[in-house]
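Next up, some structures in structure tokens.
The same subunit A turns up in both complexes below, where it pairs with subunit B and then with subunit C.
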Partner chain A sequence: MTGSRLPISSALMTPPLLSILAFGLAPLTIVVVWSFWSWDPSTYWIKPDLSLAGYAGILEAGRWTVIVSTLVKAFATALLCLLIAYPTAYAVHFLAGRRLSIILLALITIPFFTSYLIRSFSWRLVLGRTGVLNSWLQDIGIINAPLDWLLFSNFAVVVGLVASYLPFATFPLLLSMRRVDPTFLAAAQDLGAGFWKSLTSILLPLTMSGIFAGFLFVFVMVVGSSTEVQMLGGAGASIVSVMINDVMRVANYPLAFAISTIVLIVIFGLVLIGNRMFGLASLFEDQSP
Partner chain B sequence: MIVTKQSRPFSPRAHSNMQRRDFLKLMGAGGIALSAGGLGFASRLAAQDAATIAFWATATLDIGDKWPEFAKQSGVTPEFTDNGNDLGPVIARLAAGNANDLFDIGGFQGGAEKELARQGVIIPWDTAKIPNYESLWQWAKDIPYLKNDGKQYGIPAVVNADSIIYRPDKLGKIDSYGAIFDPKLKGRVAMEDAWINSAIFTAMYLKESENQPIADPGNLSESELGLVMEFLIKHKSDGQFRTFWNGWEQGVQLVADQEVDAMTGWEPIVYEGRKRGLQVEYAAPVEGYEGWGNNMVLLKGAGDRGVSDTAHKFVDGLLGGFYGCELGQARGYLVPTDNNVVYAKAHPDEYKPEEVEKLAEHVKAKFAGKIYWQNARPDNFQLYEEWWQKLRNA
Partner chain C sequence: MAISIQIDRVSREYGPVKALDDVTLDIKAGEFFTLLGSSGCGKSSLLKLIGGFDRQTSGRVAFDGKDVGNLPANKRPVNTVFQSLALFPHMSVAQNVGYGLRLKGLSGASLDSRINDALDLVELSGFGPRDVNLLSGGQRQRVALARALVMEPGILLLDEPLTGLDERLRQQMRDEFGRLHKRTGATFILVTHNQDEALSLSDRMAVMHKGRIEQVDAPACFFEMPANAFVARFVGIDTLLRPEKVVSNAGQTVATVGGQTLAVRTQGVVDAAASVIAIRPDRLFLAPQGAPHALTLTVVETTFRGLHRDLKLAFSDGQSLVIAIEADTDIGRLSAGQQVAVGLKPDAAVLISSAGLPPAG
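Up next, the complex of A and B:
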């Protein structure tokens, strides 16, 4: 029986495996290999001569600070998204009725209906000097003059990022909450556990994989984002993808690939550590006994 | 007969020279297919006998559904492909990629001609084969970058000059880039998020109003660049700039929503601001304007494929009047020749001669004063990028 299944399962696995190799692993391998090649500015091309110039370039012009600040932004945004997404997912799954939960899910997905560009641009109209928020604050007398720091600031960038990527934290949390056996929570209540006790002793530990998956999705999306920073950030605000774009503009490929390689290492490291600590893979395991 | 694009990749020449450029060709196979689609691959198959030319230019040079009329008048049908207007990837694709296999004529921001000629990826024009070349205004013919080693590598198709957009109701009359760096306007000014513009504007100000030792604001030496960028970094650190802007929509929004009172930028933003009921003016700075040109270059591939004469005919058509009228009407851009006015007067039912003339006189007036030419490829372009990173991180 097992013997006859093996060729079929192998045949079924081959196309996705080849796709992953061709569209995932191969480009990443090229990026890593080319990051160690040397670049000839006179021909705008790279040569297969081993060189660490790309990596040395990261230490120049403050580029490493952009990598660090990008990771900090990604970390902060992912945390904020989780703080908002967790109660949202809880409400959708445990509190709302069937119809309301469908409406709430639809509302969560609305940001996907527009492009990142339009979404970010709309925040300009909300946070600007003559924007909705400043006008309202002035109308109700809380401020006399517009708050300049609402727009073109790190605050505005984080608002834009959270608004853009919140659904990426919400859906893995919903998925993990659906895997929680409701009898555990009922049993805890029967034994006298209050809301916070049930949350910290049962729900949070059982949804750890969803928490980490949500964190990871948002983190990775923010590291690869640029629109929100360019539209909402202050003068010359940067993030890794903006920096890579600047470097590509002068065709310095090894430097661009070296920056990408560093980011790849950080993200892969995060995935491995997270998987070991929180069992990310368990989120997708079969629930049936 | 015109050699059609689809036959080119299989030409003997395409099979030779299989070195570094083939990396990009191989990696960009999908891109080639997409480009072929964008170039009207199917339509080319159907029109092999037509004199077609593959025109790879800035999107704003595209006149869309007016090309058939252009083709009727000039005898050449362009197949337009947007080059993204970012010269880094454009030059890389010419020097190490497949652009010369796909395209015949480039329409690029001025400044890269010398570099492209040095790389051997463009070939000189023969102006004797472009009768309308003589109609170009002299100052347009004299744009630096067009010639290299006495040979004509660039033909200016579009020119204009940029300065400061400002609110006279808030600032009074502005006639100097000093306003952009004035501490009294801290947090109420902006510049473009690109060294190609912001470095030259700053250099012009420092040279003309601060008497700093800068020879050519469009092509700064290492020390001049350091001077200019340190100045910008200081002002950025002091909170002088509200933001650095990118693209038309952002530029318009900054003015229309009163985020800034003055910013360096494009004149059409002034017109858009006025449409929205704001008092907006375009300054005539004492330091001069930043002139820019979008120049036609003849790609080496066109010569190899024997379509050079068709390419000359096409450029002659661009300067013939119809294209200038259309581009002026659609975008307010100017082809620097009197042929536009001549054409408009001959076709008053299509274009208003007085408006065509007004645009010409307006741009001519800008160029009557001091001009420093934007340079898309200064000698130290790598250093420009380094300094721009430092500015971002300051």
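Up next, the complex of A and C:
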């Protein structure tokens, strides 16, 4: 049986396999391999010899602090997104009726039809010295002078990032909540659990894969983001992708790729840990009885 | 420990749809009570109100006389075995069974011993550490029972708990319910569409239809005196005859069908136009030709049913009844068109309301 079916199934598998190899694995391999080559600053030329100069370059000019602060921003943004997205997904799935849930989903999705650039820029109008928020706070008398730290700060960057990547946390959470039989929550209530108890003992454990998937999606998006930092972060604010871009201007591929490799390792590590701890793969499996 | 339930003029409306329409019902403490009806009759809606998972639109639900309208499900002395069982998939058997007790603050040895007692009760001793997802259907059923019973509820709700089990397991679990009801003494409320379950388990049962209760009685009473044609049909009395006239005289009521008279039992006022005669097939017998008070009917057909044969007989006006005869009866003289005499044992025919029957066409 399997013998006769094998050629057909492998024929069907070939195109996706080849495209994964060509568009996924090949560039990654080049990134990792070139990160060990050397770069001549006088000619901007790279040479294929084994060198750790790229990695040493990370330690110069405070580049490693940019990596660390990127990871911290990514972590904080992912966490904030989860805190906002979880109640949102709960409301959409468990509280709203059919019509309302469609409306809510539309409201979550429609802002993302505009570009990141425009959305980031619009936050300037909200957070600036003469922006909506500052003038409103002054109008109701909470503050006397405009708050300077609202814009061109890490605060503004994180606000922009959260606003940009929130749906990437909401949708995996919704997906995982759809897999939870509402009778589980009724059963917990039946056995004496109040809202918070059934949330922590039933819903959170059963949606762990969605929580982690949402975390990971946002984390990865933030690590690869640049617009929000450039628009909202002010002078000197940096993030990995901006830094890589700067390095690439002088064609220092080994250094750029060394930075990329480090980031890749961190993200791959997260995925593996997540899969081991939270069964990430189960989110995409068929529901088992 | 057992708790009585008072349902007083309760309605539950979903927009224009009345899931429950002015239902009044008293369930005694310690009773095994069954809500019987086909799907959409409102039995599950009523169960949800008792469990606290839903609120009535109007009316009052009380336990032991105290209104529980504002008591949420987690505060009620009620536990439920859900139709889907709803065993928590991320917990072991013991964690499932101990869930409610841990919320009550039990831990350590006393928690373990209560869990083990509950598992013993449902004959799952030693299953504590097992993964609930890997149990058989019957075992999962027992875990769900243990999880509810370990809470020592005053009221246990069973929501169609036997659907999805094969016939042998159904029998087994049905016996189990009866045994556990005696052991725990709690008020058991079973919701089902299966009349066998209802008849064999219940002290009393209610037949529901379109959000209303048609009849509440002990199971045997449904056959002695069904409230109306719908109930009679539902419990399996399929022979319902429309009388031409009904005459009451000195406590004796006689109805005429197809020109022949038969004695019927009645209840209340007799209205021939709004009544049908329900005939119990087990109280009919083939009489010798010319026996007194026997009906003379024409054979329509015989159907082999395994342990018995169904004999369908017609009156002169086309109405028919079915009687069960022994499977090895010589059917030579029962070929279609033959005339036979049928005797009625006492109380074989009951005059009941025709409510629930389509109007005569």
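In this text, the second predicted complex is superposed on the first by the 276 of 289 C-alpha atoms of A that agree within 3 Å, B and C clash if a C-alpha of one lies under 4 Å from a C-alpha of the other, contacts with A are read in each partner's own complex, and residues count from 1 in each chain.
Assume contacts are C-beta pairs under 8 Å (C-beta built on N, C-alpha and C of every residue); 3 or more make two chains touch, one makes a residue touch a chain.
The shown structure was predicted, so the numbers you read here are calculated from the model rather than taken from an experiment.
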Practice prompt. Identify the partner contact of A:Pro205: answer first if only subunit B is touched, second if only subunit C is, both if each is, neither if none is.
Written response: second
* Counting only touches as set out at the top, which of subunit B and subunit C does A:Trp45 meet: first, second, both, neither? -> first
**Asked** Touching A:Gln230, do we find subunit B (first), subunit C (second), both, or neither?
**Response** first
Per residue count on subunit A, the busier partner among subunit B and subunit C is B
Q. Is A:Pro87 touching the first partner subunit B, the second partner subunit C, both, or neither of them?
A. neither
Practice item. Could you tell me if A:Asp181 is touching subunit B, subunit C, both of them or neither one (first, second, both, neither)? Key: second
Residue set of subunit B touching subunit A in the complex reads 20-21, 27, 86-89, 91-92, 95-96, 119, 187, 190-191, 193, 236, 241-244, 246, 249-250, 253, 257-259, 381-382, 384-394
Listed in rising order, the residues of subunit A that touch subunit C in the complex are 181, 183-184, 186-194, 197, 201-202, 205-206, 288-289
So, in the complex, the side of subunit A touching subunit B is made of residues 30, 41, 43-45, 60-63, 65-66, 121, 124-125, 128-131, 148, 151-152, 230-231, 233-238, 242-243, 246-252
Subunit A partner, complex, touching residues on subunit C are 51, 53, 72-75, 78-80, 82, 84, 86, 88-90, 99-100, 103-104, 133, 147-148, 151
